[in-house]
């Protein structure tokens, strides 16, 4: 599982970085979305992978080994929220830029040939 | 106290002067004159203390950690210079009163003049080298302001800037040199430095330090090759030229040479550098002065030449040479200042300083002529004038020093040549202006002798005469005091007298005088006095400065465009590249190894799932440019796979939240795509160029490196046993201390509620920012039109009018029925998620998102107008309330004398209902809930409102371009 | 796989339901790929909506009820939501497809 | 404040939903559910002015049974088509217009749900006057049979429940 | 300790949060209320910061042991909960930030907070983020506060919109989003390896990692470092800064001057905590030094290239970052106090300068309205570099100077002060700061090549700054003849004057100030005291309860 | 008997999960093939639905109720993306005035 998980993150990061380096605002936006998936998965992975052990306590004296590490989950939740907000902002920015400059190039003008 | 007063008074005067009304010429002059005179008196009154080698000191603690105090120190040498500064200063103030036009805004002039005087005095009296540098730079600054006094003149601006750039650069070199000196000596105190001469000269840093200090001195004293700023500085008002650029400020460099003479001089390096620069300046200056057309130009180059003479004297390394240097500093100041003043008088009376136009003024301005002739005589070194005395000393020392250094003939020859030119230009200066046929009637103004304006000049000329005839009685003791201050109590034999007998210097002097007269006569006869300076005029400093300036700016612009690319891709590439490097390098250095923890057995389903996820990610990357909708859908696919992964590995809260975010994000993107005109996939030749392909390859390499790096890091951590101490604590105390079973939620609202507080603030901020942005949003012109689909569906347009209808009349009728039925259910689900989040997956955030989505869906099926006529959500209020609720819940803990965000609980037992457990964390989560609803709705609805704002032209004009915001073509 | 033991009365019917639901869903997905035009392709997914989901939900109810020794019925809510939302999706999607595949007027 | 006659069916339904969600019958939760349901109903009343009027509630189980049977049947037939088991004839799909008498929006919505949930038929469009619905049928062998299926089996039943 | 005093460390976060949120409740027409709230809140923050400054100093030795105050949010003990840590450095940064923000707010009252923009709320949130970042002792919480201030800065940088602002804003946001990803990844790796987020706990535990884990930890720390460098605007990761800052409105840019310093602060904080490990410290040091030097030189070129004042001032921000990073990179403990002194002057100066820019740009704008064709830039013909007319060179006596209106005189004087402060020329405290750094560095390591290149670079950059600023200043103040006299409002001018005076005061009181900074540096370079203060279960008044 | 039944059940559960994941992959095939945008939307809808079923299966296989909420949320809101896309295709904008 760890290998699949790592490859998944690798591909998400690779695709995200590729898009990030593209010249069109929408591409960059998509890249940011992919990167946020990757980052979230990455943080989440730092708590290690474990199945069927959600950190929801069902006993009085819990054995910590029987539950997934809740800390990365909490961190990812925060990251998801912040990522959502910034994605929205980014979208509006790129619309504004498109409206003001007439191009969807990230630099606000078409590159010279 | 007196010392402080001497330095402080001019600055106070400056401050006062600045606040006078702009026409208060007399008041300004009185104020400044009194300040200068008082300073002069104060300085004079200290003579008793410094005569015979005494030193007056004042020290105020300032920065003891670094060995820098405010330390004023006056010895004989400083006294002499301070006297010069204050005395000439007083005269210049008087002179200025008459020189400056009544309509000139003089407060600025006098303020800066006073400030300059203060700075100069501070420099002269500095007992600490750092402090000296401070005042040194301050003189440059005030000089800049004074040169640019008539800043509307381009030459004034340029001259000021040139002077500032050269002298400040020199000052910084001096600072570097002084810093080194301080390290070498272990102190910046002048006393210590002057004591440590031998150690300094033996120090390995001596050479670089010396070069730096000399750079400072040479730039300030306009020594070759840094002299070019001085002629340009002549754009200043003439009193400024007289005061700063002949008498005092330009003397700062040679002042420093003499000041540090005991510590630095008498090495070979010193000799060659100082004498070399001095000799070059002497000759270049004198030569150039001979060919100037502007009276002030003659004086400026002459100043450079005389400063070269002084520099040479300092460089010779002989004690007599130094005494001669100090003597000539004083002499030069007197005659040159008076010459400048006379020039100003001529300019003032005739309206020009052009030597070509001025002729035979002796008839119209006899007094002026007399003053100028005497002063010029002193400049030329005519006997019975002070210039003669120091020139004789100079010639004599040139023989001595030449003998020592092995330049037996070169040195005296150079000195004689310099004197020769000096005679020539002095003669020319007088002859061109005051003699020859009178052309008075051709001048802009009819000149007369302005008696009062001549007084300062005449006083100085008087001093020239007095010193020239009775040197030993007048200046003798002063010079001795100054020399003792530098050289110590034992002085070499020297005699200040007009007549020394027939000596070699006298012969050289005679030769120079004869030669000078002959040269001028020759030039005059050949009508060569008004040509441009032979050979040297090719080096037009003004032009070179401008060229250098523009070249530097242009070069910097070009370089700056490379160093600070304006292209986002370049920046991102660099950041990504650095991050990749930062990730890989430690692994390369420290070794990469996967951990030893046992792997989780592979579930093929998970692998299959991620085959889909990977395909979606790559597909999205591939499609994002031309097929945005397809890319969006694929991103959605990748998102769902991420959700499933969270669920798979025991993170229900994450999965839940991510689902909600996915949905909202998709809607958001679609709302945005409405305003993003479609990209047409043309057969773009750019995509096929070699460069484009190379760029894509490079990006692909970066992407691959980043991906592989991320994968490697993930794998390395995943295969290591877990090591969290936090997890253990949270899992153990969640239920007993946090009263919640869902540890993630307890972390979010209790253990690390502070993070959540910050996070919801981010959401709130972004929402109001988006709102503000959209309020002034100008959509792309090609997306303003009503979408084509709506224009073509006229029937729908007609139906739409009935917003009062309870249900839509068209195809949205049934969706509306169903989706509106969903609204209360979704609301209930959102509250369910909120309320039970503490014990099971859920919480304020996901609850809020669910509620927001429910609201958005209503907008989707019913339209903005319909919904808002019935259901008012006040998102901004919700945001504010959410933030306040969360924040105040945190603050509420203070009432219980607990730190912020400490949870307070209340357990009740009610009849029928049973046990009720109330906790402030629920309130906190409620704040999150409200804020998320507000923020999300605000962002999405603000975007949706754009359709309301933009003109809804149902009947678009025929020629209107086909709006291209349509979704993917069928080939998508 | 799962920690707890299921009684036979629950395990067997649940197993049957799961196999049926899985198979129907898979067939639906195959149909989505195989069928020739968009409107035809709209039909097979509704197998997933109906019997696919239904079988799994019933199986889930059986299993949960058996595990927790009480009737677990909240899966009904999923059914409710699917039933409410499916027609909305279908109506809008079908109409969109009809609009986009309409015969174009030749100008 | 406008006077609002809150629909009790919705309140009860939402309360039931709350209890289902929380999987409890505790009195406290019932009270809370009732309170929430009332509040929500009140809050959403403005956009839900058209309430269904259920007349013959006892027919609902009949309807459900009919639908379930049809779902199972049509699942099988669609599966056969997808798997290519219908070899004896060519499967022809196409649009079908069905005239309707049912006007109640909720009744129509239920009909749409039924049609959509039955594999093999998709609700495409309702005419603006509500008198005709366009369906897409996967196996359009006998148009009349399909129309009869809609009208006899469901429309009449729904009209009895909702109108 | 009384109740309010007990909660003092958290006030700099709570006050702006509540104020910023409360402002949203008032409609735009209630500008007075918003402004009053803003000023009151920021004054309270400044008062709090000053009190903290006092409490951490040697003047109040009994309040907190070793001058380090710890506040456990939610009363959860370290290293599990989030702790706020006030030491001298953070108190200093809080004070500085509050001073800049307060003056910015007052300045903006003149004409910058027009309706339609949640300007004051965003400024409050910006302050909240800054203060939180200075106070927090938790790595992830640091991320959160970074995000808070960045989010606010996104909104602020776009204030007023316009093509340039939106374009540069987009670049700014993109870069910062990427940096945030790096931040997250770095923090995640560190958590994954060390298993803690508390910085003190981290400092205590990371030296004990085994080598294989250590290289992973280093990778995480390095990625985190890149994020910090982006935020600190280190070259070549700072292309966004000149564009964004010069595009932003003047008060916004002024408020932003603290942001890059936050990156430096983070590097300093994390760096000193990591100094337990010699190798790591020296590695970090040399990297910082070279990055700083590169930043310094690049910024110098940028200054020279800049044609507009805002852009030039933006480059001075970069230069100051470069100087700070390079100085810290020299790795001398004795240098920390001068560096902090430099940091203070540089923040005050650049903030003032940006405010000034807002006022001078306005006169320029008015001038261009008066004269339809503004002079083309850059000035190309050699002789007319600064003007058009070459007057009679042989006479000046006719000349009558132009009387300068009070407003322009004020602007000019402030400009000169700013130039001197920014370039570090005497006699203003910019010089004191640079001199202190150079003298200390030379005294510490007189033979190190790094010190000498640093010295040279600092002096050269000062000179280039002067050359560039005089050029721009001359064009700004001395070439516009038909200038519309700007109306200068007191609320606009006062902040500038106050900040300049504050800088002057710093210069005059350099001795005592440096003394305080030395104690701050001392406590900073004793990471054990930090660790002790944070990790020792403090059974102080916080646990007494009612 | 119980063990056998449980074994059978486990196999059945695994088989169902496999079917759902395969169905997701097939939906992705349609998503990639298109050809029209509505095909992709339909594919995404199917993808979501099967994702929901996979979540339910995770719940069944781990005897846990925590997955129920996720499935519930997809059931409730999975259609939102779809109708937003459909409206976009149909009307050119998701939220009309």
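As written, the chain order gives the labels A, B, C, D, E and F, with residue 1 at the start of each chain.
Just so we're on the same page, a contact is a pair of C-beta atoms (placed from the backbone, for glycine too) under 8 Å apart; a residue touches a chain by one contact, two chains touch by 3 or more.
All values derive from a computational prediction rather than experimental measurement.
Visitor: Considering only chains that satisfy the touch condition with chain A, which of them also satisfy it with chain D?
Guide: Both-contact set = B.
Visitor: In the chain contact graph, what is the shortest path length, in steps, from chain D to chain E?
Guide: 2
Visitor: Can you tell me the least number of steps between chain E and chain F, where a step is a move to a chain it touches?
Guide: 2
Visitor: Can you tell me which chain lies farthest from chain E, using the average of the Cα atoms as each chain's centre?
Guide: So the chain farthest away from chain E turns out to be D.
Visitor: If you average the CA atoms of chain C and of chain E, how many Å lie between those two points?
Guide: The computed centroid separation for chain C versus chain E comes out at 58 Å.
Visitor: Express in whole angstrom the distance between the two chain centres, defined as the mean CA positions of chain B and chain C.
Guide: Distance between chain centres: 68 Å.
Visitor: Round to the nearest whole Å and give the separation of the Cα centres of chain C and chain D.
Guide: 16
Visitor: I'd like the Å distance between the centres of chain A and chain E, where a centre is the mean of that chain's Cα atoms.
Guide: 29
Visitor: Note the residues in chain A that touch 2 or more other chains, in rising order.
Guide: In chain A, the residues touching two or more other chains are 20, 28, 42, 45-47, 51-52, 54, 56, 71, 75, 78, 82, 85-86, 89, 93-94, 96, 100, 106-107.
Visitor: Residues of chain B touching 2+ other chains?
Guide: Residues 566, 568, 572, 576, 648, 652, 710, 713, 717, 722, 724, 726-727, 730, 752, 755, 759, 762, 766, 769, 773, 789, 811, 814-815, 818, 821-822, 825, 829, 840-841, 861, 970.
Visitor: What residues in chain F touch two or more of the other chains?
Guide: 14, 17-18, 22, 24, 36-37, 41, 43, 62, 66, 72, 76, 78, 83, 87, 89-90
Visitor: Chain contact topology under the given definition, line, ring, star, complete or other?
Guide: Graph shape, chains as nodes and touching pairs as edges: none of the named types, so other.
Visitor: Using the touch rule from the top of the page, what pairs of chains touch, sorted by label?
Guide: Listed in label order, the chain pairs in contact are A-B, A-E, A-F, B-C, B-D, B-E, B-F, C-D, C-F.
Visitor: Please output the residues of chain C touching chain D within their complex, sorted ascending.
Guide: 24, 27-28, 30-31, 34-35, 37, 39-40, 42-44, 46-47, 49-51, 54, 72-74, 76-77, 83-84, 86-87, 90-91, 94-95, 98
Visitor: Touching chain B in the complex: which residues of chain C?
Guide: On the chain C side, the touching residues are 80-81, 84-85, 87-88, 91-92, 95, 99-100.
Visitor: Mind pulling up the chain A residues that touch chain B in the complex?
Guide: So the residues of chain A touching chain B come out as 1-24, 26-28, 30-31, 33-34, 37-38, 40-42, 44-58, 60, 62, 64, 67-71, 73-78, 80-82, 84-89, 91-96, 98-100, 102, 104, 106-107, 113.
Visitor: Over in the complex, which chain A residues touch chain F? Could you list them?
Guide: Within the complex, chain A touches chain F at residues 51-52, 54, 56.
Visitor: For the complex, give me every residue of chain F touching chain A.
Guide: On the chain F side, the touching residues are 62, 64, 66.
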